[in-house]
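By written order: A, B, C and D. Residues from 1 in each chain.
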């Protein structure tokens, strides 16, 4: 069984394990107040051109999202997200469990359009009965989205404008941010993201680390007492330096970018091959997740040898599947998959 | 600086890192549904003589406590704990953030007495206005306690009896359970704990793992849908096999016990030496935390060379400090500490 | 200004005020443990043919919904509702504030179809990743709905079947239940509702009381400790007998039904007149809320003299408005409204 | 049975019922945006010499406390209260259900001393591990306290000073505020309270209204979006004018003060008589609650004829009971009680 089911099915890049071995008996204070975290924070601030940003390291994405949103929202406020957004669908109500509604707006490609958000806010803030409804306060976007798509600079600027107009915070879930930035179709960079979003996180779990996400708080209003809330929400790792160590190793000399380029390159090879075979896609993704549409027979045939996800049954006996590559994907496995796809689709 | 400040200031036992290296590129499904976790579960059930127990692996202690209590309690119910209990003091209100009161009962030595719990429950359940008060439903104990003390078989049996009488659940926080079981003054074992508690956890973070706690659900009523709640509370590690791998390595052939014996032995060397010097203790601990009382001058002097915690200022210019040993404590560091203590206290 | 804006813009039926006066100095125990509440409970159980039901009196609808759902749901569970449902839209996230997602399914007429619920549950419970999603546990319906429509016996039976199949609870918000039962198109009655739903409430606030809702818990599993949760959620009225007194007065000899018949009759007079004028409706409602579609000019003209709600802007310069009648609506005001509508629409 | 069990066992002062009757069919907009509430707000601002205060009307005390605290606190913050405080003991964990710890400090007489609060805050804010503990943010006091005692101007000023020093909010639960202000031992007034507290409420339920509490928000930071939170917490009464009407009737010409003076006078008659009989008291209360200590035999004897609460069993076969008077207490019932006490204690 060759697994294309997710980008978190192997351990970490060997350099990370190597550094874990080397530093294993170095004594460090706990809870992220150590030298490794300090070093990683320094690197991240520098790469983001955000010298005053606060950087916190958490273990996983759901934890990061819920901790951030719990800190950012007052009780009556909610977060706007695409209806395919991770917080709207795949976190078992983690945001609601912190007391906040996820206001899900329809989206075909995983992205929120500035116009949608603007229209929703206009209706809310001009309604005489608005006190009977949840007040929108944060706009949650993921980049790449859960469907592999990317925001452009123009789209992000437009969302920023809407947020400024309606006094909203803009938050980017960057679980796969490296793969986004590594896409040939990307026009963002970290300084732009840090200047445009109030907060975002740089994903580690799906990008070469054993685990870990680096949350960057750009806006001053979000900073006070954040560590209290990390602790309360169960996200303060005792041996916090394990997080700092991984991020500093990934980010200090381009390893993070290199691994992301690899993952995206393998995915785009699959995209190109499928396009040549005439396959269609649920959504056109320029990143490490691909969503081809196959017949149910083709799906069955491939399932014998490969692990991937069935995303959505379609009419005509067809199914959209998800194929995911990562830093660890072996090019020869992609070769084999392409060959087998060619045979199955012939 | 030699650190006796906590038992989570080094990485993991080298065998764990070794196994991480060896298995790094094995592809596994996420979220704890992998072979490593299955193996660790099998070992734990066997060691606990609890073939039907459910075992879940979480990253840290606060996370484990809040996830368990959120799953176990209805909205109007609370958890009884000693006023020194970790959930009562050092989790930034994590339990309250899940909606539940921690009912803190006074304790001088970190332990809850059956009589206290019984009396509290009797008062609650016989009060005509009890609906205006939080209903006690879980008894939280830690073993060893936050003050290093241990429950005896008799004490646990008595608590069990009270729980049965008042329809309460008994939950043991085992962050340092290995050190408890390794103490020469201990008379518990895992099968007894599993038979007596409704749930408990076997700590990894402070016991030789990089991180991780193994939660054992003994009572059937606690089992349904538990994984939903782990996910919601942010505790479901994407690369869940990292937890299973560590626990199976620690538990499969006695490593866990060996490391615990080491930690306790080093602590008891310090206790013995201090006793010989005539020092007194805040509490008499037979495990890996020691709480000697020193003069403020002695504390200052030692602080130049050693890291430890000031626990409590006392009258007469004295302070109770906490010295903690772990699996990684070097005997030569303990030798040195004892020598320096002898000099300082002379 | 004549108000058709809501059914809670006058006080209470005079018989209620009369009884308040007469009993004002009778000393009663607090919190609903008095003779008035006992009497009202007896009458409700009898009218519902539900001798074992638990009946609790709360002050308002949002309070009742959130208290019931907080009591019924475990942390990972959510409630399915129509996207127009009161809990989904107009309670400022009260359910989410208790930690639970409102799973909003699309509905054009305010009602949930059994098929929708069934399909949603099938997808959830057959998904391998269901632990990453909120588990549906309660089906929330309102009858009449927020759009004035009614469930039939067949529809309720079908929902009951789905609930039984997927282990869901069926809960009816009866804020305007009297008006539902008083509609000529209704085929339900209280014994059927009590036998079909796990819980429901009989609205008082909009049905002739100063305030108050009577929550009926039919299923045994919902009963334990419910009063604790009412107290915790802030819904336990100190002078609880004020609630019992009102319900016993309304229900003891048919006043509740009489007032509901009056409200519906006035609304249906407006419906009939509008139909005769050729007006169209956003939804066809047989109860005390009517949703005619007018031109913006007509709306402006009527607004000078009448208070009502703009519900939804439509294309072609038209708007759907909401006209509501109640027990207190004066027939002569309806006469006048019909005359003015005739003039405006001519 | 003559009831001295609480101050909420009769309805409302007849003038309130009279006004309800007279205005019953006046049509008003809902949710507190009506003329009655506007009038009551105007009167309260004037009496408090707080022209910029926001005033909100809620139905009950627990609801008011939890709504205020939910609005005032961020997730990691808690509220300091005396261990006998209503929120600490008698609200079924309503504050915890909103996610916040009640930090209970020991108190013998129901009051918090400035020194206690200061010392707690000093310890918290100077602790290196403070992020692992709940941050104190609000100081909750009740005046009169649950034990009938009163704060002096000096004590309130001292608490204000501590709050300013540690950046805390000062909140007064005034469920029985009228009785406090009416006590001969009181030296506070409404303008002083409004100038010293960040928020407080003027109780209605126990002071002559059917129900209702008037929450006064003095500090600007507490004002934004407060109505959203009232709605979310279930406290927004549909027929909100019922609250405004009662408060304007009580406050417009001294009725509130008159009723409070009556209640306190009756209680102090009982106190004086008991003192003359040589009785001792659990606490010395100058307000409408009295806590005499009787022998168990005396308690039994009186119970046959009077309803009151057993507060605390004491040694020597004695019990502290609570006797409460109200605006509705009949002087002849007090005469009779005193006579019967004299006989029982002879």
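Here, a residue touches a chain if its C-beta (ideal position, glycine included) is under 8 Å from a C-beta of that chain, and two chains touch if they have at least 3 such contacts.
Remember, it's a predicted structure, so these values are computed and weren't measured experimentally.
Taking C-D and B-D together, the pair of chains sharing more C-beta contacts is C-D. Farthest from chain C in terms of Cα centroid separation is B. Centre-to-centre separation between chain C and chain D, using Cα means, comes to 34 Å. Centre-to-centre, using mean CA coordinates, chain A is 50 Å away from chain D. Averaging C-alpha coordinates per chain places the centre of chain B 41 Å away from that of chain D.
In chain D, 75-76, 91-93, 97-99, 131-132, 228-229, 231-232, 236 are the positions where the chain touches two or more neighbouring chains simultaneously.
Remark: chain D residues 31, 70-71, 74-76, 98-99, 130-132, 135, 225, 227-229, 231-232, 236 touch chain A in the complex. Those residues of chain C that touch chain A in the shared complex are 75-76, 78, 89-93, 96-102, 129, 131-134. Interface residues of chain A facing chain B in the complex, by the touch rule stated above, are 1-3, 5-6, 8-12, 14, 17, 20-21, 23-30, 59-63, 66-67, 91-94, 97, 205-206, 210-211, 228-229, 231-239, 242, 307, 328.
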